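Look for chain A in each of the two complexes below; its partner is chain B in the first and chain C in the second.
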Partner chain A sequence: MTTVSTVNIGKDFNRFPSGRYKAQGPASGEQFREEFLVPMLKREDQLVEVQLDDAIGYGSSFLEEAFGGLVRHHSFGDLENRIVLISDDLSLVAEIKSYIGEAKKKKRKG
Partner chain B sequence: MKTAEWKLKRLCRRKDAKRVKRARGRGGHWTLGERLSARWGERQNIERVEAPEEIYLFGKRTHSQLARFLRTLRDSFRRKTCTVIDMTRTNRLMPGGTLLMYSELCRLSLIFPQHPFRFVRSKTDVVNQIFEHLGLFELAGFRSGVVPEREDVVSWKKCSSIVNDCQPAGELIETYESLSRDEVRQVFKGVSEAATNAVDHAYIGSRDDGLPEPLEKRWWMFSRESESTLFVGVCDLGVGIPRSLPHTFGERVQALLAQLSLRINDGSMIRAAMELKRTSTGKSERGKGLADMRTVVDKIPGSQLYIFSNSGAIRYSQGKFTVLNFDNSISGTMVGWTIPIDEASL
Partner chain C sequence: MLDLFKAFVAWCLIILGWVVVNELAERREIRKNAESKIKDLRSCLSTLEDLVISFHTSTFCYSSAREIARRMKTLGHECSHLERRFLLTDEWQTRIVAVKASSTLENFEAATHECQKHDSLIIAKIEASFQGFQVLLLKEVERITFEREPFLKTIVRVIRGFY
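Right, the complex of A and B next:
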């Protein structure tokens, strides 16, 4: 049975996410990925719902490392269907999906 | 009544018959140098650095004056002198130029914590109020006696960090009720990427300004709301985009310059940086930050982006770039946005 776990970036992680790597600052894409997304995705029967609107905003560095990094550093299958992005801003959702897609394309090329 | 004699005795920390005698000969009037010498003693050499009339980055003349002033300031701090920053002629402070000057003074204070420096106040009250409000007089240990009370002074806000911690910046942006929820999101996106660039790319090498390198990779942010616009700016004092670009994007820089029909100069390098999205190591996921800065303007009608770095600059507005080059380098990068304020939202 598929379960759904939810993470709200602004409330559960940090309202001011910024930067790529843990070494760069306290609310990086790498930290969000490793602390929240990866443990949730490791349960194979789980959908991960990501609430985006409670953070103040997102730079591309944070988003790309958080979501594109899932492809580069891990081997989760069917990410597009397992991660559900919730936001009023459809361009934000499209942006994140593009990072996942670009990372997959590059990984296939080797 | 405070006689000239009384003033002379008050100012002299040590008896100096010659100096007193000279001043008496002129009816008790002291030159600036004599007042400063009396106050801080002859044990220090005093070097006066005159600030320009306008602290302003746009315009060939004002950009050069500001860049030269900052270079002279750095040289003064390197020498074992007491630096006196003479603001007498300064009558106009624009946020981008002031952010650069503020950052430079903070950096110099960090590198030379024991170096004495002082200000001679401006003849223009608003300039002194802004300096007091920003804490520049306090940085010099100078009790100005100025009280910042004008609305166009207290609207200046600042924050700074050495890591990519954008919480202070985000909280500052959120204070502007004139910005819509979407505009806050866009501005934070741009500021976040400017901070990321500062932490990730700006301090990859020596700034080559002849000074010891501070250990921290600091960036500074200003914001100021006027009646019609909001200015938000982020400054770093690293190697500059023209020097960091080849490190980040490798051999593609020259190819792109040729493609855009641009000569190799600092302004063109900044322009090229807005287009490039790959790194020399083939990490296609990197290098999107400058595009984020442009997105702020694309999504907020009427807004403009300015990037000053070393001797070059670009202005981006309504989908068009203007590339600028100047005679002197600011030795760092200042990214700024001006955003029109909707009067209805105030």
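Right, the complex of A and C next:
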């Protein structure tokens, strides 16, 4: 049975997530990925719902590292279907999906 | 009997005409509101561009970075709202992603931020992406202003609305 776990970036992580790497600050994409997304995705029967609208805003470097980094540093299958992005901003969802897609292309090229 | 029928047809035409005129007036209002909304968006975009360029050509400022992220979010939400009301086509999404990426993918963190020259590649990318979005918004205004539904189609749509 598929369960859904939810993370609200603005409430559960940081109101202004920024930066790529942990060395760059306390609210980086790398930290969010490793502390939230990876543990949730490790359970194979789990969908991960990511609520995006409670943060003040996002730097693209944060998003790219958090979501594109899932492809680069891990081997989760069917990522597009396992992560459900919730936002009223249609472009934010499109942006994150583009980072996942580009990371996959680059990984395939090797 | 014939007189009654003629009167009925006349009244139907009067009511239909009244509904069509109201419908056209409403559409004209919606169009005017959309044009005004998009004009505001263009103005916000221009201000945001100045802020982004200023951020990248100065020493790192946390509050500016935060303000840029906040305004990008507002812009995204407003455009999404317009798209849901069929006042913007979905082309804007690609443009705004390009704007966000050029502005905040590189040189956006304190640890990596370097003061850019005005002729640097980063600034050139920023200017190009904002210009692309501005051009798109202008095209959307033109589309909204000059798009006209054929009169017969309006009548058919109104009549269908009665059922």
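As a convention for this text, the second predicted complex is superposed on the first by the 110 of 110 C-alpha atoms of A that agree within 3 Å, B and C clash if a C-alpha of one lies under 4 Å from a C-alpha of the other, contacts with A are read in each partner's own complex, and residues count from 1 in each chain.
One rule holds for everything that comes next: a residue touches a chain if its C-beta (ideal position, glycine included) is under 8 Å from a C-beta of that chain, and two chains touch if they have at least 3 such contacts.
Worth saying up front: this structure is predicted, and the values here are computed from it rather than measured.
Chemist: Quick check for you: in the superposed arrangement, does A:A94 touch first (chain B), second (chain C), both or neither?
Modeler: second
Chemist: Which holds for A:I86: it touches chain B only (first), chain C only (second), both, or neither?
Modeler: A:I86: touches no partner chain.
Chemist: Given the touch rule stated above, what does A:E102 touch, chain B (first), chain C (second), both, or neither?
Modeler: After superposing on A, A:E102 lies in contact with chain B but is clear of chain C.
Chemist: Touching A:V4 in the superposition: chain B (first), chain C (second), both, neither?
Modeler: neither
Chemist: Under the stated touch criterion, which partner chain does A:S61 make contact with: chain B (first), chain C (second), both, or neither?
Modeler: A:S61: touches chain B and chain C.
Chemist: Figure out whether A:R72 sits in contact with chain B (first) or chain C (second), or with both, or with neither.
Modeler: First partner only, chain B.
Chemist: After the superposition on A, what does A:P26 contact: first (chain B), second (chain C), both or neither?
Modeler: first
Chemist: Which parts of chain A are in contact with chain B and also with chain C?
Modeler: The overlap between the chain B and chain C interfaces on chain A comprises residues 16, 18-20, 24-25, 56-61, 64, 89.
Chemist: Quick one: which bits of chain A touch chain B in the complex? Just the residue numbers, please.
Modeler: 14-20, 24-28, 56-62, 64-65, 68, 72, 89, 99, 102-103, 106
Chemist: Which of the residues in chain B end up touching chain A in this complex?
Modeler: Against chain A, the touching part of chain B is residues 163-167, 169-171, 173-174, 182, 184-190, 192-193, 195-196, 199-200, 284-285, 288-289, 291-292.
Chemist: With touch defined as at the start, can you tell me which chain A residues reach chain C in the complex?
Modeler: On the chain A side, the touching residues are 16, 18-20, 23-25, 55-61, 64, 88-92, 94-95, 98.
Chemist: State the interface residues of chain C toward chain A in the complex, per the touch definition above.
Modeler: My answer: residues 65-66, 68-73, 76-77, 79-81, 83, 90, 92-94, 96-97, 100-101, 103-106, 108-112.
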